[in-house]
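Common to both upcoming complexes is subunit A, partnered first by subunit B, then by subunit C.
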Partner chain A sequence: MRRPGVWFGWTTILAVVAVVASPIVVLAWSLIDPSTNVWAELWRTRLPGMIIETALLLVSVVFGAVVFGTGLAWLVSAFEFPARRVVGWLLVTPLAIPGYVGGFVWLETMSDVVGAREARSLWLCAVVLVLSLYPYVYLFARASFVDQGEDSLAVARSLGAGKAGVFFRVALPAARPAIAAGAALVAMETLTDIGTVRLFNVSTLADGVMRVWFGTGDLGAATELASALTGAAVLLITFERLLRSGGRRSRGSTEAAMNPRPLTKAGVVAAIAVTLAMLVIAVGIPLLRLFFWASESVRAGTAVTVAGGVTHHLGNTMLLAGSAAVVSIVVGTILALTVAHRGRVARVVGRISTVGYAMPGPVVAVGAVVMLAALDRRGWLPDGFLLVGSVAGLVFALVVRFLAVGYQGVEASLDRVPTTATESARVLGAGPVRTAVAIELPAARFGVMAAFALLCVDMVKELPITLLLRPFGVDTLSVWVWQATSESLWEQAAVPSLVMVVIGMFAVGALLVALERGAELVS
Partner chain B sequence: MRATSFRDPHLKSISLLFSLALVAVVSACGGNSDSESDSATRLVTVYTGRHYGIEPVFEEFTAETGIEVRFTTGSDPELRARLEAEGANTPADLIMTADAANIALAAEAGLLATVDSETLRSAIPKELRAADNTWFALSRRLRVIMSSSERVDDAPTTYAEVGDPKWKGRLCLRPSTHPYTQSLVSALINNLGSDDARAIVDSWVANDPLYINSDTDMLKAIVAGDCDIALANSYYLGRLLTEDSTIPVSLTWPDQEGFGAHLNISAAGITVNAAHPKEARELLEWLATKGQKLFSDTNNEYPADPTVEPNEILSGFGSFKADINSVRELGRLNPAAVELLSAASYE
Partner chain C sequence: MMYALEAAGLRVHFADREVLAGVDIAVSPGELVTLVGPSGCGKSTLLRAIAGLRAVHEGRVSLSGVDVTNLPAEKRRVGLVFQDNALFGHLRVEGNVAFGLRHLPKNERRQRVAEVLELVKLGHLARRYPHQLSGGEQQRVAVARALAPKPAVVLLDEPFGALDEVLREELGWEIREILTKQNTAAILVTHDRHEAITLGDRVAVMGGGKILQCAPPREVYERPINRFVADFLAVASYVKTESGVEELVRPHQLRVSAGGRHKVLRVEFLGATSRYTIKAADGSLLISDVGPTEQLAVGAACSVEVLRG
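Up next, the complex of A and B:
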């Protein structure tokens, strides 16, 4: 009964993985003939420093994101205070602010406060990254806390555990896998960030990739360094998987979701003060500064570029980010459905498709150009159609970079579909496609929606791939921001930045709706 | 588990999503067949790493010649990588860079065609174009010593003096990731040899410079008091002076008794695989002649053709000696400069 399905499934998995990993493989070809002289020089000069700075930044950003993300998630899930639901929503909104926008806003602001020299530090860079990335941990931890249900906490309380005891000895251990998954995302974003670290003069490995490539013109050596970076990311993910195993505890179907408990008056004041402080720092100050700059820019008449005004760029962003997010979610969903219930090997192979997420954007961009241009040279497409510089080529490269977000998000929700349901369907004669459409997709629909929303957030913010592969005359909001910031015209970058943040907020809103309805983030 | 059924409205929304996906894919594939459809309009396509103030220049060219300019912006090395990968299929007819090393690297990679043009040879001095005429400078920019006119009355007069210990903690420099820094060090190597160039860079690093990856922000740092002197390109001061003529930053032309101020260029070349070589040549020749003034003035740069007058702000900076002999060497010496900067622990 399953025979044809087996082959069809494996063909799908291998085809998707091969296509998506191809731009990285094309670049990794250079590993066969390593550039030893570049490595020797790097090791003598910058590499040790890069490794140290990368490690310091990684540890401090992940630590900060875990502390704030988990703490705030516990606060809004375990306790009742006024505006709790609104605050719970707002705490995710920093995701809508691109790191490179938050970076220049904070750099300029802190330069005014502490001076240009002191503002350029690894620690301030870490703070800026924590402010923009903690929502990943927050989202995952909150979903896990709510999911733990009321009973285990009630038992703990009846056994005499205080507030701290309930948190540290019951809720936190059970949420460990979720927190680890959020922390892994934070780590990945930190490792591949280039825009923010450069602003603060932090020499990380990702920055080193660009240094080697632009400095020596040796794309091969740059790719080798990028591969080392990906290796580090893979190690991190393996470590995270180990952390994940065990620990998780979900409430049974009859058990109530976690019920927020009332706080004392002082507790309410403290809760509001803490969340408000976070919101003011992570969202309020950057938005205020952007509003201020934007109004100056509008007054000076620079809120347009020659390519057009806000609507032109907004339209292009919506079209490109929208198509890329749609294609990613479709491919990600098909991959996740095919991989599901097919065992460990399928999972490992499926995960190869996420390699683009562990690479700095510019490396993926060049890998895609090299690969697409090689295809173009074969002239297979009609009418001399060229993939490089086409919307199709750009969407492909974006999917390579962000497929992981769609695939893993859907996979997590599919894992919660009981095998009894899918197996019953198969026993009753439904094929794999019918089972997927009738049982798995409906059950995982909010997971698909959440993954789609996260994809939209990422696609709208994306810069290096769009910059290199966009068709002529198709400038997006992020390209506009780049054109202004690369000339240090911060005021002129404010209008497109604000528009991007607003779109991001809508996507974040959709994400939260999906999560409230039961989307899963962690498999 | 949650309730699921065939009649679930959400199932509809998911199928809607999938249909949308199909539409998006189909429209994405069909969205780029504009390139050669209208053969009546003449077209030239430009990849440009210089992206500030080029639009009005291209518009003026189109108004005068009827040739439409299609361009994409980006960073020099990435555009070069794209051009190289595209090979014969590239849509690019002309590549334009914001510094000398990057255009020379493109020529070295065999991406640029030789242009035999009397117009270009007579407009652009021979030091400012490739020996094989694969690239041509279009404007000149000088990397000079900027200082606070409020706090500094003994600004350094040479690149070496910037390393004087009295500037310790008072100096702003651009990180070595930037081509302007790399080209400056290439010029030092060309004039003084590796050892002396290294000694100068070491003395800068010993002054514990504040590294800022933006010439504009270095000048603002001087105004704000974060540093007293900086090495920056001349046109950034020009740009700030256009906004506020009282800005307290002074310019000193370095090494006037020696090899002269470090001269870098904005340059362009026609690609070997240009589909519109005739139009590309017309644009290049126009930029080197009639368009010289507009091209240079929009960014407060000195025209590559020395007979064309710079704008008033630049005329106000006075005359100077520039290191014109190093320009052709900047590409060749770039790897050595990058290595020197790394070895000297320059950020």
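Up next, the complex of A and C:
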């Protein structure tokens, strides 16, 4: 059958994929000729240590996030206790607190307890990252638990599985793919993090890329390190794919969603204590300390930088993060709609556009700079206008990095639109564009909303790309926090941190509403 | 003789709605009771209460003479089969069947799995994952999994609901035979009345949270205790006798002849017979499967006669 708009569709897909994947391709190209002396020097000095610290941090953060994310998800989906629903939502809110914000709060707090030197440890860094990243695992695991449905758990019980048996023998193995997906996000965030690890003096590969760039300005060496980082990311993705394979089952059409079981009195107390402790540690204490510091800072008149006050930074964050999020969701939605129902090939090609998400931020930044600089040298743009160091260049790099969040989120919800609905629309005379606008988009609207909310969270707290590519004099909230905390000026970092957390809370709220209305996180 | 399952006076209510209003049911070993009733009448709740998945507010449940009312589901050893098979997607067929056999040593477990899979004729698919099987095969695995730990009773909640008609009939008979062979008691919930009267040793009709009648199919079909049961189980007409009492007449007991005071309203071709819907002179509707060799046209005048014996 000849589909109308075939050429238009494929042109769109290929154009988006080409533009978005180009920085990565450029980077790969530059690796064909590695500068061996830089490499040898790195290998002789810092690289082994970086690899070990990266691996240690990665393993402990992923382990912690999986244990807490999965455990809490099971608690709120399988058992009934007072305020279960509210707690279930609140447990997602740590997502609004960037790791480096929670990081400096806990660094200062623990410095008072164990001393400043001891507080700057890999282990405390891991704890802080777990606190800010476990919600990814939590969200995925909870969705999977609820979707397993009542019947298979009932059968397991009738076959002799008690409370623990139902969890370890049925619910947990069945949720493995979802947990793996959440854990992969946590791993990626950890691998890419530069703000938190810098606070705790943990020298990871991502940190190395930043240091080499800032310290020596040697793009070649930074690229070498970036490739090592990319290697680690690729390994992670492969590992996640392996974990995801195997049989799976989701709830049947006539089967009820998981029904929480009542707990004993002691169980209720324990459930409330555990969730409350998590909320106090991950959200309560950081917020309280930030409020305290922020008011001190305002009173002392230090809530301002050379670049300007809160409004200046907030305005820049809104402009940069906002436009990058809008571009990502628009392009992501168009791409998802174009790819939908176009078959496997289109899907695989579409996936290429998500490559940036698998790349650590500093790597994307390096790739974008290399590519934009090459374009600038061609002199195609009007005199005096350069892409490197422009708002457009920064937004481009951010979109390359995060397009996947928009694309995959929308795709997951589009997958749930029954083919019969779109086919009915076509038979009734609607062309592909009208079908997309009138049928698919409305059906996936909460998926779009959830994806946009996640994009906002990611963009607002993004550090490495913004730091490396921001135009001169355009500082965002995250840059302010970075600059203040790298000089241990906690109080001065409090005001921008608090503003970021508030934006993040709104985004998390929107995400929760979207999920409640049936948005899907993964396909 | 000891019943495999005996439930007495079961009451369950949600808020102020009584879902089970005192249910009594007893099933002997090897006996299959089919359970029918309009949706929302409490069928599924009854199964869940017997399995221990739903707490009862009143009443007792005994399995093979042992009172299990206060035992949790995992200690009762009841077999469960759902419409959506509820197989564990992360386990192979053999893993699903072995799930309830953890108490057995390894070689005995393997032996029992092979035995039960042979019973449902799926020995060759043991290494497959559930999603690699057809709907009918999945449902057989679900039955094998339920039977493996030798439960006192197997509860089947519309097990064939998702299958096509030919397959359902075939699988229904096969599972019936397996249950008889294993001497296992079973309750089978169905919304298919035909299935209910053909498969069951006894048919239980539920309505309003109670079992209204539980008896062999012929008895329930021919001597329903009230009009609700009569209408629910099969098509029925009511003919006034000379004494003025309304008598239940099934379509095969009513013969239509040409000419008379009644009128043919509709004729449905059923294959072996034709079903006539007749508007009687007094305005009531009569349904008959026994017509004259020459078919009557819609609108034709006719008369009816009740066939005895």
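By definition in this document, the second predicted complex is superposed on the first by the 406 of 523 C-alpha atoms of A that agree within 3 Å, B and C clash if a C-alpha of one lies under 4 Å from a C-alpha of the other, contacts with A are read in each partner's own complex, and residues count from 1 in each chain.
We adopt the following convention: a contact is a pair of C-beta atoms (placed from the backbone, for glycine too) under 8 Å apart; a residue touches a chain by one contact, two chains touch by 3 or more.
No experiment lies behind these values; they were computed from the predicted model shown.
Touched residues of subunit A, counted separately for subunit B and subunit C, are more numerous for B. Of the two partner chains, subunit C is the only one touched by A:165; subunit B is not. Within the superposed three-chain model, A:323 lies in touch with subunit B and out of touch with subunit C [touch as defined at top]. When the two structures are aligned on the shared chain, A:214 is found in touch with subunit B, with no touch to subunit C. Using the contact criterion defined above for the overlaid structures, shared-chain residue A:48 touches neither subunit B nor subunit C, since it reaches no partner.
Judged by the touch definition given at the top, the superposed model places A:231 against neither subunit B nor subunit C.
In the superposed model, A:199 lies in contact with subunit B only, and not with subunit C. By the touch criterion defined above, A:82 lies against neither subunit B nor subunit C after alignment on the C-alpha atoms of chain A.
Judged by the document's definition of touching, subunit A residues 253 lie at the interface with subunit B and also at the interface with subunit C.
Taken together, the subunit C residues at the contact with subunit A in this complex read 48, 51-53, 72-80, 82-92, 99-100, 102-103, 129-131, 142, 145-146, 149, 151, 158, 161-162. Subunit A meets subunit C in the complex at residues 149, 151-152, 154-162, 165, 169-170, 173-174, 176, 246-249, 251-255. By the touch rule above, subunit B contacts subunit A in their complex via residues 1-2, 4-6, 8, 10-11, 13-14, 17-18, 20-21, 24-25, 27-29, 31-33, 36, 45, 51-52, 55-56, 59, 70-75, 77-79, 81-82, 85-89, 91, 105, 175-177, 179, 182, 210-217, 221, 224, 226-227, 334-335, 338-339, 342-343, 345, 347.
Interface residues of subunit A facing subunit B in the complex, by the touch rule stated above, are 41-42, 44-46, 111-112, 115-117, 120, 198-199, 201, 203, 207, 210-211, 213-217, 219, 253, 305-306, 322-323, 326-327, 329-330, 362, 365-366, 369-370, 373-374, 376-377, 383-386, 388-392, 395, 416-418, 421, 437-439, 441-443, 445-446, 448, 452, 467-468, 470-473, 479, 483, 486-489, 518.
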